[in-house]
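These notes are about the structure you will find just below.
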Amino acid sequence: MSSTYGENLRLTIFGQSHSPAIGVTLEGLPAGIPIDPDRLQAFLNRRAPGQSPTATARREADCPQFLSGLREGRTCGAPLTAVIANTDTRSGDYANLLDCPRPGHADFTAQEKFHGFQDPAGGGHFSGRLTAPLCIAGGICLQILERHGVTVAAHIQSIGQVADEALDPVHPDLSRLCDVGPLRVLSSDRGREMEAAILRAKSQGDSLGGVIECVALGLPAGLGDPMFGGMENRIAQVVFGIPAIRGLEFGTGFAAAAMTGSSHNDPFCIEDGSVRTKTNHHGGILGGITSGMPLIFRAAVKPTASIAQVQQSVSLSRGLEQPLEIRGRHDPCIVPRAVPCLEAAAAIAIYDAILEREKGGTSWT
Amino acid sequence: MSSTYGENLRLTIFGQSHSPAIGVTLEGLPAGIPIDPDRLQAFLNRRAPGQSPTATARREADCPQFLSGLREGRTCGAPLTAVIANTDTRSGDYANLLDCPRPGHADFTAQEKFHGFQDPAGGGHFSGRLTAPLCIAGGICLQILERHGVTVAAHIQSIGQVADEALDPVHPDLSRLCDVGPLRVLSSDRGREMEAAILRAKSQGDSLGGVIECVALGLPAGLGDPMFGGMENRIAQVVFGIPAIRGLEFGTGFAAAAMTGSSHNDPFCIEDGSVRTKTNHHGGILGGITSGMPLIFRAAVKPTASIAQVQQSVSLSRGLEQPLEIRGRHDPCIVPRAVPCLEAAAAIAIYDAILEREKGGTSWT
Amino acid sequence: MSSTYGENLRLTIFGQSHSPAIGVTLEGLPAGIPIDPDRLQAFLNRRAPGQSPTATARREADCPQFLSGLREGRTCGAPLTAVIANTDTRSGDYANLLDCPRPGHADFTAQEKFHGFQDPAGGGHFSGRLTAPLCIAGGICLQILERHGVTVAAHIQSIGQVADEALDPVHPDLSRLCDVGPLRVLSSDRGREMEAAILRAKSQGDSLGGVIECVALGLPAGLGDPMFGGMENRIAQVVFGIPAIRGLEFGTGFAAAAMTGSSHNDPFCIEDGSVRTKTNHHGGILGGITSGMPLIFRAAVKPTASIAQVQQSVSLSRGLEQPLEIRGRHDPCIVPRAVPCLEAAAAIAIYDAILEREKGGTSWT
Amino acid sequence: MSSTYGENLRLTIFGQSHSPAIGVTLEGLPAGIPIDPDRLQAFLNRRAPGQSPTATARREADCPQFLSGLREGRTCGAPLTAVIANTDTRSGDYANLLDCPRPGHADFTAQEKFHGFQDPAGGGHFSGRLTAPLCIAGGICLQILERHGVTVAAHIQSIGQVADEALDPVHPDLSRLCDVGPLRVLSSDRGREMEAAILRAKSQGDSLGGVIECVALGLPAGLGDPMFGGMENRIAQVVFGIPAIRGLEFGTGFAAAAMTGSSHNDPFCIEDGSVRTKTNHHGGILGGITSGMPLIFRAAVKPTASIAQVQQSVSLSRGLEQPLEIRGRHDPCIVPRAVPCLEAAAAIAIYDAILEREKGGTSWT
């Protein structure tokens, strides 16, 4: 099912950008886990719109209401459902999209798939707004992962032509992460350059993309499964569910393709009595399974498709080309808001793998 | 389940590198589809070992035997199982891997996951040999896709520092594909340079990686699903099941992150009465759903982990670092043999999406 | 996942008896299907509490609110979520159930499973109230099945010792169905006897069970799948999700075990040019697949576990036996309200099988 | 997928009655579990054909060959595949079944589903022979369950009109189980009567059905899940995958429908410090979850559809009724051979639930 992810922790996301509500159901959460609503809200706020001049002007407090699954602040073993009401919607802005699809958006492909019955307002079920319920699920998983000693954090590696400083893949120092406005980076100087680049693109009615790097620390070795259940497969399946993601790489990634085996292979060593690797080209995953080294991946985010410039589109009904001017409120760069989404995606995939690993523990010993 | 893929067409891969056999079961194949065994064999031969000086010396005809699912050369609606016997195995070569893991391989992580009970011979279930049953499944899907008017083809975009010529993403000319020994490329000159680079690495006891580009033509618009069921998610989940894949990108991919929206957005146009796009940065997928433009993705393959040079490893039992010399037969570069694997992966994911699309067709009309 | 059903149409039920809301998400509904809210409400009213002296006094209009999945009264291809607010809850009634489990209820087993973190109020996620979202899903499926020419209807075959008249399995006449208060039966005389039996049990602080027979007409031959995907398997997996169901049989069912093959086998015949069977011991299913004859099954409903009499239970904390008196509002017989639940269950399972059948339709022709 | 069962332990059954082989793949088995091949063979022999005058004359040693998943007699974490070669096949016996379907068999419905492309020989994928791989999977699960302290055993409760003695549902004494020829019963006298009844039916060219009762002892309380993941749902989904099963009931089952709540509810009590129930009408399951009391279910097996008498069928090609005489070798009563199949089904469902339960164990404590 396309809006469902996970075998052990299963999340189902529902809602359209302008439907009465959007939300998520989480099945498979063990009973008895405390959920801290304030920390969850703080996490959701990082993704929420309306924060800064670099983001859309749509203003909504993304406050989840829990319909089920909790009792006295703890999970109770029943499916947990949380919803966010859609209050600030202006559907009129999108009235003509059924006939004249926006370049770079799903308008045309949704029309082909759903034969004109799709909900076009705000991008419907394809809207980036659907990453809010993803972040509810991810925010909950992040709290649980903490109990397992696992930390997940991401930073903006680049926006447009501006690159952040590099994170050491062997000993990543997450304390260096800082926020420049809504931009989470390692170098505040670079963050300010990124901010300037975004505002420059915005002033030109244009948009920018970027690359986000995500790290998970504290993972035990032995997590993940062979073949299609590898950590890469698991993470990829969630990450590509985030709109605008165009590429994903693990460890040294695409750069590994230009290396030799002798330079890419990470020699094993013993550190404080534990098996580690001296370098971390493998990004913490070998054969789909965690090695205990930092798990590292990067995702490419395309420039926001909604731009203020006039673009060429077509009239589907008339079969003619025609110009299109997109009104409405849009982020000139969604990369900053995608950072918590990637953390959420990683947390969901990792926690599902942790639950998977716990199966069978009593059968062979 | 980690060795299973697909919701409508479900394939389950079994076997270890040195178990009596490896194989695949395909559930969900419609009844009545003719399978051409000769064309399947020809496809499998492209992946098979023992073909050239650039590949491993292990020689096995990868001849699938069909145990079930066929009647008079056509699918009969029951699960189709095909197996390949493992005949040329030298398990002794791998005796010490349970204690001394090979850098870049799954030996250590499998040990952590399976507590020493895994089958280490030849990499066990993690072996690249398991791509043979993947190619059986993919080869069958390719034959079915042809009946749907869909063609899937891949070429080596680069090996090490040598790049092939570029494929036009709007009007890709697959007739240009040619084989230089086992290397499928667009430019035979570049193919020969790649071959030379591989042999040079081999002579140094080293290995190379590369990037493979895969294209699917003839896809209808409207294939794939929102969120986690997007074509990217579907393809990623299979592709990362192929050992040594470290990155995956669609359309312009990571390069898109450095572009502006106005240059990355593909303007719609009308061509021969059909909606198309003038450029193809989106790689044939918008919102997870096919646009009818060529579907394009690239995968990064790391350099073969097994190299002839002495490497540093550890003794797990003694907790000490120790050098490791890998014997056995290995490809200095697996990129050539990974080309049909990526075609197989794409074909499987696409056919599963086609089956998905056929559901519900009679409910709303 | 335990609260999820279906491979093609997937429904996820969430909520506890006294949580803010209960609801259901339906994924896989084709886009463009009109949903008639009035007919859906009329179907839900058949299940709703507070209708008659034979039912619980809890009064709630079970009015679903659609959060997503609809556009202008038609499905839009995105997951459809509908919720019912829980308004008339008296959680105090259930305060001591965490320590003193009710006989015949899930209190004790939930405690063992969820380690005391479950939500005990009103039975939590185990409550019969969770059949309301099942009926939302089923009511929608019933509307879609009508477009496929399929009718699903059930009647009370027996309550306690009182049996309804028999339905002809070859030519079932659904026009004979009538309602005696909340009891749907073939014979109104028997219905009145059933009603009297329920009131008699109620006056004694006791409860009754019964058997429900469900029929689906208009099914094409060829629906369902071999082995675990048979119509029996599909229906059973939903039906046993309804609380209090203790048995399920298809066609002649348990009585078939005492027959000979020559009397149980249904001879084939030709009727109006179609293949039919003269008798219908097979209940419309052979090898898990529909034959085109009426699909018939029966489910046994146990007597309501909540009774007014003092019963013996235990104190879990003190490890002592102790008497228990159940307060609160309860049905002396849930069989009448289970009738639409079984229709819903059948409709869901059948529509999922119809969607399954549509896959692959274009591959072999 | 119709030939696949299970979420944690997933088994996929493949093969047709007369295909080169039949087999099963088991995914999700923890690594390190020893499998005793002799005990597995002994279990398979209970199901195998050719044992006695009450069974079919087809003689095949059902010897599984393990293709993968084992290393030195223990599971290695990779999918386990075992196959049985089909050697004693006489396909000619079934040549005309594509046109003239056997009453009570899947010939007609398979034709409708698979459009004539199905494999008719021996019933193809619908054959009772496919219970052999089910028993391989079940036999392995039975060995694992033993390590968990769980015992599963079944007896024939009735064949035709002859009933076995009753098993005490509170303290079932499995040591009373005995074999009268291939019939496992509690009373050897009744077993001999059953045997006589079968031979009588056989001499009349007829067949008999029966009821099998299955018990699982040693289950912990707290196994199974709410709603569709209840133990009943789990068991039902496997059991109805066994050909000829027409009904399934848990605990007191259909008889419960005629009881009152005060007599059906099982009072809780304390026995040796543990919570138990005085009676066991609930059959060890409350709310889908085990109570720790003996888990009890019964399945109705229809009389063998293949009988020697001439029956009425139709010619599908000519659209005419015509008599049919079935040749070939068939059991006059499959109930005895279905006994281990039900044990296998129960063991598979239970072990899948045990694996499910192990998830999440470290998250909340």
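To keep things simple, chains are lettered A, B, C and D as they appear, and every chain counts its residues starting from 1.
Rule of thumb we're sticking to: a residue touches a chain if its C-beta (ideal position, glycine included) is under 8 Å from a C-beta of that chain, and two chains touch if they have at least 3 such contacts.
Since this is a predicted model, take the numbers as computed values, not measurements.
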{"item": "Other chains in touch with both subunit C and subunit D", "value": "A, B"}
{"item": "More contacts between chains, B-C or B-D", "value": "B-D"}
{"item": "Subunit B and subunit C, separation of their C-alpha mean positions in angstrom", "value": "45"}
{"item": "Averaged-CA centre spacing for the pair subunit B and subunit A, given as whole angstrom", "value": "26"}
{"item": "Separation of mean Cα positions, subunit D and subunit B [Å, integer]", "value": "39"}
{"item": "Residues of subunit B whose C-beta touches two or more other chains", "value": "1-4, 7, 13, 28, 31-32, 74-75, 77-78, 110, 113, 115, 117, 125, 226, 364"}
{"item": "Residues of subunit C touching subunit D in the complex", "value": "1-5, 7, 13, 101, 103-106, 108-110, 112-113, 115, 117, 125-126, 130, 158, 160-161, 201, 205-211, 220-230, 232-233, 236-238, 240-241, 243, 245-254, 256-262, 264-270, 273, 275, 277-278, 282-283, 285-292, 300-307, 309, 311-314, 316, 319-321, 357, 364"}
{"item": "Sites on subunit C touched by subunit A in the complex", "value": "1-4, 10, 12-16, 19-23, 25, 27-28, 31-32, 65-71, 74-81, 83, 110, 113-119, 124-125"}
{"item": "Complex contact set, residues of subunit B against subunit C", "value": "7-8, 28-33, 74-75, 77-78, 144, 147-148, 226, 354-356, 358-365"}
